[in-house]
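These notes concern the structure reproduced below.
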Amino acid sequence: MSGHLHEDMKSRVIDISGASPHKCMKCGKCSASCPSFDEMDIKPHQFVSYVNNGDIEALMASKSLGKCLSCFACVERCPRDVKPGKIVDAARQMLIRQQGQAMLTPEDVPELLDPEVPQQLLMSAFRRYSR
Amino acid sequence: MQELVNRAKELLADGTVSRVLGWKAGDMSYNPEPAYFNSAEELENFVYDGFCGANLSKYMIEASKLEGKTLVFLKPCDTYSFNQLIKEHRVDREKAYIIGVGCKGKLSVENIKAQGIKGIESIEGAGMNDGCDTLTIKTLYGDKTCSYNDAMLERCHVCKGKEHQISDEVMLESRDTKDAERFAQVEAIEAMTPEEKFAFFQKELSKCIRCNACRNVCPACSCRKCVFDSTKYDTAQKANVTSFEEKMFHIIRAFHVAGRCTDCGECSRVCPQGIPLHLFNRKFIKDIDTFYGEFQAGEDTESRGPLTNFTFDDVEPSIVGERG
Amino acid sequence: MQRVGVFVCHCGSNIAATVDVKKVVEMVSLEPGVVHAEDYQYMCSEAGQARIDAAIKEKGLTGIVVCSCSPRMHEATFRKAAERAGLNPYMVEIANIREHCSWIHKDMEEATKKAVVLARAAIAKVNLNAPLQPGESLVTKRALVIGGGIAGIQTAIDIADAGYEVDIVEKTPSIGGRMSQLDKTFPTLDCSACILTPKMVEAAAHEKITIYTYSEVDKVTGFVGDFTVDIRKKARSIDMNKCTGCGVCQEKCPSKKTPSEFNRGLNTRSAIYTPFAQAIPNVPVIDRDACIKFKTGKCGICEKVCQAGAIDYEQKDEIVTQKYGAIVVATGFDVIKVDQYEEYAYSQSKDVITSLELERIMNAAGPTKGHLERLSDGKHPKEMVFIQCVGSRCSDDKGKSYCSKICCMYTAKHAMLIRDKYPDVNVTVFYIDVRTPGKNFDEFYRRAVEDYGVNYIKGQVGKVAPQPDGSLLVQGVDLIDNKQILKKADMVVLAAAIEPEKDVRRIATMLTASIDTNNFLTESHAKLRPVESPTAGVFLSGVCQGPKDIPETVAQAGAAAVKAIGLLAKDKLLTNPCTAKADELMCNGCSTCANVCPYGAITYETKEINDHGIRETRRVASVNNALCQGCGACTVACPSGAMDLQGFSNRQILAEVDAICR
Amino acid sequence: MSIENETFRPKIVAFCCNWCSYAGADLAGSSRLVYPADVKIIRVPCSCRVNPMFILRAFEKGADGVIMCGCHPGDCHYSTGNYYARRRMTLLFSMLDFIGVENGRTRVEWVSAAEGVKFSTTMNEFVEKITSLGPNVRLEDLRCRN
Amino acid sequence: MVYSYYPGCTLKTKAKDLDRYAKECAKALGFELEEIENWQCCGGVYPLGTDEIASKLSSVRALNEAKVKGQDLVTVCSACHHVIKRTNDDMKNVEDIRTRANNYMELEEPYAGETTVLHYLEVLRDRVGFDVLKEKVVKPLGRKIGAYYGCLLLRPSKIVQFDNPENPTIIEDFIKAIGGEPVIYPYRNECCGGYVSLKEKEMAGKMVDRIMDSAAGMGAEELITACPLCMYNLNKSESANKLPVYYFTELLAEALGLKEEV
C-alpha cells in the first residue's frame, strides 16, 4: 500500500474519531483503566501509537474492535485528552462501512437472543456492528 | 413669554445679573436665534416659543469669562448639557443664574416643509400659551395647518423628561412629548445587514459638506482646538473628496463625546444637509447602557463617565461579533 | 526632517538567512530622511556599535534606526551606543526584523518585504522623534521580600548581608515555608529541619532583617526605587513583646479540633497555636475562627494561664506603611487538590495520601511521630505503591500542563527512606518517565532501584479500588510487559503536581508584575533575565517563577538578592522620559485625563495663558514626570489631543501606521 | 490595480502593548511559531495608548484588518490601562459594526508575555479571517491608494 | 412543573416498570412527565463517528420538540440520556454538526442546543430536592443498597456534567433520601459490558461478576440502576455473590408507598 494511502487512512481515522493521538505522552493510563484489557490483542495505548505510526489496517483487523465496551474510562481518565476509545470506535466504523464487513447481521441474531434482551441492546448492537 | 422678559428685567435691574442669554426674533417667525441682552430695551426683542430649539448651555463657556453673572434660560434637556459642562470645568456655576424654562416640544420648520407646505410667511400656534395641538401657517398660497407633534424635532419625541436637572428658578409649564422609543431608530439600523447599514450611512454621510455646524453647536464638542483642526494628528480638514473622511470625522466626533453627550439632538437640528447625526451618539449611548449600565450624561456634576471608568468584568470587544 | 542612518543587522544567519539584508539596505536608502544605510554581521557587537558611532559622526546623523532583534533585547545597547557618539539616546528606533520577521517567516522574498516595511515604519517614526532627557528619582535603600520560605529567607539574608534593610512578609504565623514541612531532602538525605532552622534563626537574629509573620501585603503603589507598601499585620491576639513562648496556653486550650495546616490536616491543633516546634517567631496566634472565646465569649483559659499576660483579645489588624526600593516575590507553592483525580480514591480512603502528607508521616514531629503507618487503622504497611505525575503534564482542564520537576526525585527519596528504615515494606513506583537532570540526581534514583530494590514500573495507574479488607487494589499497566497489573497495596502515595501559592495572582496584580496562565510569575527574559520580573524593581525568587527544587531555589534566591542589591546600591535612578505632556494652549481643563491616570500624576493649575496674544486665565493639566509611567491612557481620553505621550506621540504612531499601510 | 487575478494578501496592523503582547510576539518569534508576514506590529506602551483614531487611520490608508493586543485584564503593567482600552474598543467596534463594516475586521486579544503560542494562533486566525473577508473597501480612502 | 419526557424504546417494552414507576412517582412529587409526540428511538448508542449526522436526528427532533414547548427534556434511561445530552452538546457547540443537522431537519427556527436535558435523578436532585423527597417518603427502606452507575451516566463528564465521574454521590444521596443505607464500592462506576453483552457473553459475564463481588464484599444487599442495559446484563451474573438488581424508580415507588398501587 502506498504511503499516500496510509496517510489518507490515518487522517480519516483521526477525522472520524475526533481523537488527538499526537497529544499522547505514552503514560498508559488508558490501558491501565480499560476493563477489557485482557481480552484485547491490540491494547488501548497501542491504538494511539498505531494511528501515529499510520498502521490503520492492523487496527481494523484487530479483535479489540469487538472487545471495546465504549465505556469511555480511557477517554475520561486520559490526562492528555487523546480519547483512545474513540479511535477504536472509528476503526470499527471504517471496517463495517466497507462492503460485506458487518460484524453483525440479522441472521446472527436469533442464536444470540434470549427473552430478556432489551430493545436497546439490539438497536445499539446494530449501530455498533453494521452499516 | 412676557413673564420671562419681566423677570429678566427685574434681575437686570436689581443687579443680580449683568446680562441675559436667551433667544431673539429672527427674520422669520420660525428662526429665532440665541442672543445676549444687556438692557431692558434690548429685551424687547426676546422671544421664547416652540422654535427656540437652540441649547444655550454652550454659550455659557464664554459667558463664564465675562464680568458678573449671566441669566441663562435653559430648557429641561439643556440643563443636562450644563451639568456636563460643570463636571468638565468648562462653565462656572457661580457665573450663571439659571431660569429653567418649560418646554412643550421644539419645532422644525423643515418638518413643516416636508409636508408639502411651501411659501411660508408666518407660523402661529407655537407660543408657550398656545394649545400645542395645531400650527396655523400663513403661506403665499393661503393658510395651512399642521399638527404640532408632526412638526416637532425628533429629539422631542424621545424627550428625557420635564425635570430641570439644575436651575435657580423654574418658569412656565412643560408638556409631555415623548411618544417614541429612544433607541427605536438605532435598533432598526442594527437589524439591517452589513450591506444595508453601509449603504444607509454611505448615502447619509455623502451629503456632509463638512461645514462643522454639528461641531460648533454641540455643547460637548467644546475643545479649544478640535483634533480635526490640529496638526498633532495630521488629520486637519481636507477637501471633500471621498466618503471615508466623513465617516472618520463623524465616528471620532461621536467617540469623543461618548459618555459625555446628553443626547440633546442639536447636531441633527442644525445640520443643513439633514443628516441624522444623533444616530451616532445615540448608538454609543445605547451600547453604554447595555454594556455598562444605564448612564445619562449631565444627570449630575460628579459621577465618572463610562469611558473614564471600568469594572473588572466588563464585556469583551468580541461581544460585537457574538451578538450577531 | 532628521538625517537618518539605518543599520541592518544580519544577526549571523538568524536574520540574514531569511531576510535579504542587502535588499533592505537598498530599499531603505530611498526613504525620506535616510542619508546612510549599511548592514553588518552583528550590530550589537563592539565592531557593529563602532560602525554606528562612526556613521553618526561622519554623516552627522540626527536619528538612527537599527533593524535587528527585538527592542526588548538591544534597544538599551543601541541607545547607549548613540549616546556615546553624542546623539540623544531617544533618537534611536528599532525595527524588529528578527522575532517579528526572520524567525517566523520562511519565504525570503516575503520576509525581506516585511523587513523593509518594518524599517520604513521605524524611519517614519524616528523622523518625528525629539531628544528626551530622563529625569532622576531617588532609591529607597530598603527591600521587601514577600514570602518567608527558604527562598525568601535566603534572599533576605543575602540582601541584609550586603548592608541593606530587608523586611520579610510571611502570611502564616512562622517563617520556614514548605521546606519546614519536609522530613529529608534529596539528593543527600539531609534532615530538612537541620539545615533550615539555622537559616531561620540567622534571619530572625539579623539586625538588618525585620520579619512580619501572620502578615500580608495589602497595597503597593509607586515604582522602581520608590515603592510604598501597606503591610497588614493580622491580629495575632498575642502581645509579641510579652510572650515568652512557654507553650502553656497551647496545652491548656480546650479547642483542639482544628486540622493542623502544618501537618496537612492529618492531625489537629489547638485554637491558640504555633505551627511547629521550631517556629520563628516562637509566639502563638489565636485562630479566631476556632477559638471558643471569640465564638461564644466564654472561655478565656489562655489568658488565665498566661503568666506573661501576653494574651490580647482586643488586638486589631494593624497596617504598617513602609517605603522600599526593591521588592522580591518569594511566595512559593502548594500541592494541587487531588480529589479531582478520584480514580485514585484519595477522598475515599485514608490510606491514599499525597507525598507531602507522607513527608509529615515520616517526620518525627509529625502526626505518627515518624512511624510509617496507615492512617485508617494504624497498621504498618507491607506494600506501598507510588503513583507519579498526578496532575502534572496534563492537558485536561483539571491538571497542570507542566512537569512539576521535583516529584521524581522526592519519590526516589521516599522509596529509599522507606526501604532503608523498613526493609519488610515492598515499594512499587508507577512512572511515565523518570526525570533526573541535576547533579547526582540520576545516581540517586539508580540507588533506589539498584541498592534498595524499589520496583519501578513504566506505566500509569488507572484505578485504585478500596477493598472490603481495607487494602487497596491498584489497577495499573506495565507498558514494557504490555500487561495490566492488579496490585494489592496497603498505602498509595500520589505525587501531586505543585502549583503556585494561591495568593500570588493578587500579589502580581498589586505589583503589576506579569504572570502566566499557570500562575507562575513571568521572568523578564527566559534565559538572560530569569530572576527579574518585567516590572522594574520586582524580582523573583523560588517556585513562584517555576517549579524548582531546594538547591535551585537557594541559587535563584541569591541571584534575586544580587539583582536587588544592584538596584539598592544606586542612589538615583534615571526615570523613563517617555511621559505624558499637556499642550497648555490646547488643554480644555476638563479633567478627563486625570480621571484615568492610574498614578495620580496629573494635576490642574489655574494660570495665565498667552494663546497667540490672547491672555487668559485657564485651568490646564500638568503632568508630574516623576509619577507618570508613560502608559498613555490620558492621551486617548483627551478629546482635543492636548495630552500627548513623548516617545509615542500621536504623530509618531500615525506615521508608523501610514508607513505600514503604504 | 486588480486584485482579482492575484491571491489577495491582506494588510494587517497589530498594536501590541510593550509589556505583554509585544513580548508574547517576541516569544512567538523565538519559538519559531509561524504566522503570515501580512501582520505588522506597532509597539505601544499599553493598550490604553491605542487611540480609535489610529485604527480608523489604518483603515483609511488601506489596512484590511486591525488587531489590538494587550495584557490580560487584571495583569496590565499600568494596573488599569487595558480596562479602559477594553471599553474604548468595545464601543468603537460596535460603531464600526453599526455603520456596516464587516464583523471581524477588528479584533482585540489579550496575550501575555508567556503566550507565544496564543499570539501565533491568534495572528493565523486573524489573517485567515481577513483573507476570507477580502479587501477593505468600506473604510478605505481611495485617495490613499497609490 | 411539567417536563417533556422522552421514554425511549426499552421503557415501552422490556423496562415498563422503569417507566411506570417514574411517572407515578413524579405525580406524587409534584411534577409531570409529558411524553413528547412521535419520539423515535435514540439509537441506544451515541454515534461512533464524528461524521454521522442522520443517526443524531431522532435526538434532535426530541430536543426541538421540547424547545418548542418551552420545557426541559427528561429521560429516565441512562443510554437515552447519554445519547441525547451529547447530541445536544453537539448542537450547541459544534458548528458543523449544527449546520448539517438543521439542513436535514428544515425546522421553522434552527435548533442550537437550547433545551436543557435532565436525567430523572437530576430532576430529583436539582429541581425537587432530595430533602423534599425525604419528607415525602412514607416507607423508608432501611436496606443496604449499592448504587450502580455504570459508564453512560457519568462519562464523558465534561459533556454530560452529571456528577463527579470517579466519585459520584447522586445515587447515594438518593438512597439516603428514600431511607436506605448507601454502600460505596469501587466498581460502581466501572462498565458492566452492556454493549457487548449480545456478542461477548463470557466477557460481559466477567465484568458483571466483578461488580457483584465488589458490591457484595462491601456489604450491599441489593443494587439499583437507571439503565436497562445494565439491568439485563447484571441479571446475567452467575457469581455466588449475585445481588438482586432494581430500577431506582421501583425503590422510589416503594419508599413513596406507591409500589402496590402502580
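Per-chain numbering from 1; labels A, B, C, D and E assigned in written order.
The definition used in the following text is that a residue touches a chain if its C-beta (ideal position, glycine included) is under 8 Å from a C-beta of that chain, and two chains touch if they have at least 3 such contacts.
Quantities reported herein were computed from a predicted structural model and do not represent experimental measurements.
Undergrad: Among the other chains, which touch chain D and chain E together?
TA: Touches both chain D and chain E: C.
Undergrad: Return the chain whose centre of C-alpha atoms lies at maximal distance from the corresponding centre of chain D.
TA: E
Undergrad: Identify the chain pair joined by the greatest number of C-beta pairs in contact.
TA: Comparing chain pairs, contacts are most numerous for C-D.
Undergrad: If you take the mean of the Cα atoms for each chain, which one ends up farthest from chain C?
TA: With centres defined by C-alpha atoms, farthest from chain C sits B.
Undergrad: How many angstrom lie between the centres of chain A and chain D, each centre taken as the mean Cα position?
TA: Spacing between the chain centres: roughly 44 Å.
Undergrad: Distance-wise, how many Å sit between the C-alpha centres of chain B and chain E, to the nearest whole number?
TA: Taking the mean C-alpha position of each chain, the two centres sit 64 Å apart.
Undergrad: How many Å are there between the centre of chain A and the centre of chain E, using C-alpha atoms for each centre?
TA: One centre to the other, that is 25 Å.
Undergrad: Report, in whole Å, the distance between the mean C-alpha point of chain B and the mean C-alpha point of chain C.
TA: Measuring from centre to centre gives 54 Å for this pair.
Undergrad: For chain A, write out the residues touching at least two other chains, lowest number first.
TA: Residues 73.
Undergrad: Using the touch definition from the top, which residues of chain C touch two or more other chains?
TA: Residues 343, 463, 596, 637, 650, 654 of chain C touch two or more partner chains.
Undergrad: Using the touch definition from the top, which residues of chain D touch two or more other chains?
TA: 52-53, 57, 74, 80, 84, 88
Undergrad: So which chains end up touching which?
TA: A-C, A-E, B-C, B-D, C-D, C-E
Undergrad: Touching chain C in the complex: which residues of chain A?
TA: Residues of chain A touching chain C: 23, 25-34, 37-38, 43, 45-46, 73, 77-81.
Undergrad: For the complex, give me every residue of chain C touching chain D.
TA: 70-72, 96, 98-101, 103-107, 110-111, 113-114, 117-118, 121, 505, 508-509, 512, 514-517, 522, 534-535, 578, 596, 598, 629-633, 635-637, 645, 648, 650, 653-654, 656-658, 660-662
Undergrad: Residue numbers of chain A touching chain E in their complex, please.
TA: That would be residues 15-18, 35-36, 39, 66-67, 69-73, 75-76, 86, 89-90, 92-93, 103-104, 112, 116-125, 127-129 of chain A.
Undergrad: With touch defined as at the start, can you tell me which chain C residues reach chain B in the complex?
TA: Residues 583, 585-592, 595-596, 604, 611, 616, 619, 637, 639-642, 644, 649-651, 654 of chain C touch chain B in their complex.
Undergrad: Which residues of chain E touch chain A in the complex?
TA: Its residues touching chain A are 8-10, 13-15, 41, 43-45, 47-51, 55, 77, 79, 150-151, 154-157, 165-166, 190-191, 193-200, 203, 207, 228-229, 231-232, 235.
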